[in-house]
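Please go over the structures that come below.
Both complexes shown next keep chain A, but they swap its partner, so chain B is in the first and chain C is in the second.
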Partner chain A sequence: MSEEETLRRLTEDGRRLVSEPFLKGEAEIEQESIEEFVEPIPGNPTADLGTLDDAVDAALREYSEYETAIDGALAQDVHQCLDINRRVAGDPGLWHWLAVVEYPDLVRHRWKYRSEDAMREKFLGAGSDLYSNAIHRLWWIAELTADGDDYSLTETVFANQTMVNKVFDRWFARYQPAVVAICDELADEPSRVIDDATRRFNHTLTNVQLEGLSEEDARDVVTQIISEVKSE
Partner chain B sequence: MYSVDGKKPVDLDLLPGQKEIDLAPVLQPDEDEEVGNWDQVTIYGRLTIPEKTVNDVFPVFERDSPPAKLYVAIRCHDTIYRDRAMISEAPTGPGTYDVSVMLEKDDIRGTVELCPYLVRTEDRSGEKKYAAKSNLRLASCRDYRIIVDRPKGEEPPAIDGEEASFSRTAYLPDGDKLYYLDFRNESRPKLWINSDHPRITDILQSRGSVGAEPRMRDVVLDQISYGVWTQLLIHAGTAIDDNGDVEYEWQETILETFARNLYDVEDLAEATRMLRDEIDDPGSLPFLMERIDRELQEYIDPRTQLINLMEEGLRI
Partner chain C sequence: MGDPDAELRLLVVEDSNTTGLTGGWDQDSNYAALVRDELYSSKREDNAGGSYGLGKSVLWTFSGASTVIFNSQLPPGSDDGESPRLIARTKLPTHELPGDDTTYQGAGWFCRPQHTDDGVRPEALRGDEASRLAQRLQIDRPAVSGTSAMVVEYRDPTRDVRPEIDELADEFVEASVKYFWPAIYRGDLRVTVETPEETREADVDNVPSIRPFVESYEARFEEGTTLQNPGDVAGLDIPVDLPPRSDGTETPDGEVRLSSRLASPADDDTYLNRVALFRGAGMVVKYYDQNRVAFGDRNFYGVLACGEARADGPATESDQEVDRFLRFSEPPEHDEWESTENLREQYQRGFRTALDDMFGTLRDGLRHLISKNDSGRDALSDSVLNHFPIHGTGAPRTVSTSDLGRIFEIDSSSRFDGDRWVFSGHITSNVDDFESWTAEISMMGVGEDGTRYDDVPIESISTDSEGVETTTEDGTVRLIADETSKEVTFEGHSRTKSESNLLSGEVGETQLEVRAELETTEGDQA
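And now, the complex of A and B:
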């Protein structure tokens, strides 16, 4: 077991160091330049970054550039190695530090540079947008789909990019019982069904109150919707 | 009411129409948060379901034992958190319900929204005028926002503020005063607004930035703040000792904000000394008051709010 390391955060001002050449992988940020823009996180949360480093190195070796399977290969490690709660995970500076300072190669290996805005989001997104920062999204999707140490649903979700896109880019994905029910019920469905069913579930929430649903309630609603979609 | 870590509940003292509850000053974590200074907050309140609401959302045969549950949805955008605190399982009829919502520090940051919902619990056939499916939303009311962390970079206010009826409070000044700056606790001055003038206090509660009420609010606030800043500045100025230091944090804040601009010098220590010297010299007092007036007109910028109000009133 590697030694625990204290997590840190990139300050707002530190974001200015992220240039277009850096996003493209044509330039790196000098350690001395970044140091003054990195600060401790209240509560001093820790992580097993040694283990995570090994997992990231293995993923970089094993997977070709831009392979979506990298997400599934690393989500559990990211979630387990970072010893944080939601309060800490809600701090965008943590994810900016992880992406910009600790794992920039991973971000560039997983995400092709298509535009400055898109790549900037992978490094400097975070907060309540589940689908932005490259590492933040792995932790949050694992957080919302794991059942204790059981990450089978997390693996199922990351094995299907349509599911990742259609579920976690919507607001209902913040309510865990609904996430679990939807991901479980849609796991073996084709993209067309996932696309249509998630859209209809979202629409259902204009009348149905989300936080009142138990996982079983959500499952009933989703199975009904899936059966309607399939019968059309 | 609210309690922190199970301690004795404290009154929230909400003003009429107030929906935002700022607990940040009470819960502010230590600088390094080595030892978190709070773990959970419980918010207490009451929810009333009027008989009319039940009659509006249930058919006659269900009204004696409405198949409904009542809960408070808890949402925190910053931590991607959505949950609920159950208040009453089915059946839930008209009446008043005690509410208790516990918020764990580990789950939240920034602002937490609380919104009550009355939701149907059973499917039903027949009578199409009313909701018939379980989990359909039947009624809700306005949401409340609990602030547990102050937005980054936002400084705590220099002084506290509160409304009170001056006519009913012995230690507040008689007459129809609009406000009173209370220095009984020199370490933490407090601004009292006179709730004997509800028309004015209602305006001060208004939200937003457009429309007549917010425009009027800004002008009233400017008027109050001019008098308040003047007093705070004079009090802080008279508190400067021979070394140029002051005792309390609010005094430092005031001097940092105004002293350099009063004398148009970059060095705060030099500006503080100049202010102290001018306060000590009765002959220079009129000039000091003129400086303060000039600086506050720049700082508060009352003309902008006045023009906004005039344009609103004249529909320009």
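And now, the complex of A and C:
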């Protein structure tokens, strides 16, 4: 077992170190200049970064650039190596630190630079936005789809990027019973059905209180929506 | 020595290129207002920053010794005698000294006592003598006009722990940027904070929580009226209709400039969904919380630039009047624009309505700016349509004048009835002279997070007027009214849903949109 390391966070001011050349991978941030913008997290959460480093290195070797499969390959490791609760995971500074300081190569390997704004989100998204930050999304999607040590649903979700986009870029993605039900039921469906069903589910939630649904209730709603979408 | 708790903290607040403590003790002067009086400001001119003089009382509040020393350089040509002028005042509770039967009360002075017919009066030290003493007291200043105020034994009465100097300096810099960035940005104010070790400059770019507001202000006259991507800025004019002054002088109609910047995840979100309100003085009066206007992921930072801060060039007469009006609407704390005693004195009835209307229109304008504008469809709500002349978007109201007022009154309502949506409404033209007008009516589904998608097709519509033709195409209805139809009432329904189950995703929140366009006899589209 590797040694536990203390996790840290990038301060608000530290975000200014993220320049356009850095986003493009043309410049690095020097360790000493970043030091004053990194601070401890209350409660001093820890992580097995050694193991995570190895997993990231392996993924960088194994997958070519911009392959979406990198997500699935690393989600479980990210989730298991970080010993944090959801409250800590809601701290954007943690994810900014992981993306900017610890694993910038991973972020750039996974995401092609298309525009400054888009790339900035991959490094500096997080908080209430589950979808954007490259590492934050891996942890949260694993957190919301894992059943104890069973990550099979997580793998299923990451195997289908339409699902990642259509489910986790919406507000209902924060409610685990709904996420489990919808991901489970949509797992084998074609993109058209995923697209339409998630949209309709979003529309239904203007009638139904999301947090009032059990996983079973959500499953009923979703299966009904799927059968209607397919019959059209 | 060496014990941080044993040091005496001296905070010197020094301004330059200001008027200095001019005037005499007996006059209504800067000198008397700052040194002699309590809670009274001599700033009576229309362009003064504040109108009360509460600001100076904090100097004594923050002095552990209740003592403040002033050293002032008067402007060249001042006829108030030699510069600098130095005097200190301490405010002590009533007390007695051991072995002395006298009861002392009120102010204590560090001065040259002067005997007059009205009793002893504190007189400031002058010229070389004041200079030499200022140096020893560490309150000497450059020979440019202005005043230095030293708070002896600075301490913050609201804090238990005495912060480090560096920490304090950072806080001063941050607070000055937070509240004075408009003045700093415009180059009207420069703030530096010096500690024994270093000098920091308050720079609007260095406070991340404020930067989105600066960007919003910078781009407030950008063309375009809605925001698509994070970082986009768009602006609108908010009309302000001021009542006449109390002496009967009519005030010109004016406007203030609202701009809003769509938040990006990379922004510092300390003041997310707030609107910075300020006028010509360049001080943010408050960060007005408009969280309820934001929805889903449509967060923003707004700026309401008023009066002499509205435009970059010289202020117009109406800008000056708006500035004056808003200054009188500030309470002593300068942290609100509200109905005040000052407004009551300065203006005739209607000042409260003027403020309420401005804030109401501000909210509508914000809603419009941040609303999602799917596939180029214009999604103006009725109240917004009625308020703003919209330029350059291909939107219906391409009139060049803003005083056309409301062109249409539109009321509508809709509900789900068993297996379909039913709706009804009423459109009235407020313009008397027109050739025809058209209205487009459509319905759209809305998601939990405010995203809009998919038309809900309208199947049928009927109107009460013979001068109105209706056509339905792809589920959208178009009404074409001739010159005889000033108003029309309509009702209709959507296509029947095969499945009316509330859990089917087919039935949910739906928005009815009515867009009306007027053709006038001059041939202008309005």
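In this section, the second predicted complex is superposed on the first by the 232 of 232 C-alpha atoms of A that agree within 3 Å, B and C clash if a C-alpha of one lies under 4 Å from a C-alpha of the other, contacts with A are read in each partner's own complex, and residues count from 1 in each chain.
What we mean here is this: a residue touches a chain if its C-beta (ideal position, glycine included) is under 8 Å from a C-beta of that chain, and two chains touch if they have at least 3 such contacts.
Owing to the predicted nature of the structure, the values given are computational and were not obtained by experimental measurement.
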**Prompt:** So if we stack both complexes on chain A, do chain B and chain C clash, or do they fit?
**Reply:** clash
**Request:** In the overlay, answer first, second, both or neither for which of chain B and chain C A:102 touches.
**Result:** neither
**Item:** Residue contacts on chain A - larger count, chain B or chain C
**Value:** C
**Prompt:** If you stack the two complexes on chain A, which partner ends up touching A:127: first (chain B), second (chain C), both, or neither?
**Reply:** both
**Request:** State whether A:71 touches chain B only (first), chain C only (second), both chains, or neither.
**Result:** neither
**Item:** Partner chain(s) touched by A:40 [first = chain B, second = chain C, both, neither]
**Value:** first
**Which of chain B and chain C A:175 touches, first, second, both or neither** = first
**Message:** Just to be sure I read the superposition right, which of the two partners does A:208 touch: chain B = first, chain C = second, or both, or neither?
**Reply:** both
**Touched partner set for A:86, first chain B, second chain C, both or neither** = first
**Request:** Quick one: from 26-34, 98-106 or 296-304, give me the piece of chain B that collides with chain C in the overlay.
**Result:** 296-304
**Request:** Kindly list the residues of chain A that each of chain B and chain C touches, one partner per complex.
**Result:** 12, 127, 207-208, 210, 221
**Prompt:** Which residues, counting only chain A, touch chain C once they are in their complex?
**Reply:** 12-13, 15-16, 18, 92, 117, 120-121, 124-127, 129, 132-133, 170-172, 197, 199-208, 210, 220-221, 224-225, 228
**Interfacial residue positions of chain B with respect to chain A in the complex** = 29, 32-34, 36, 69, 71, 73-84, 105-110, 117, 119, 131, 133-137, 152
**Message:** Touching residues of chain C toward chain A in the complex: what are they?
**Reply:** 208-209, 229-231, 264-266, 268-270, 296-297, 445-449, 451, 453-454, 499, 501-509
**Message:** Show me the residue ranges of chain A that touch chain B in the complex, using the header's touch definition.
**Reply:** 12, 40, 42-44, 85-87, 89-91, 127-128, 130, 140, 144, 174-176, 207-213, 217, 221
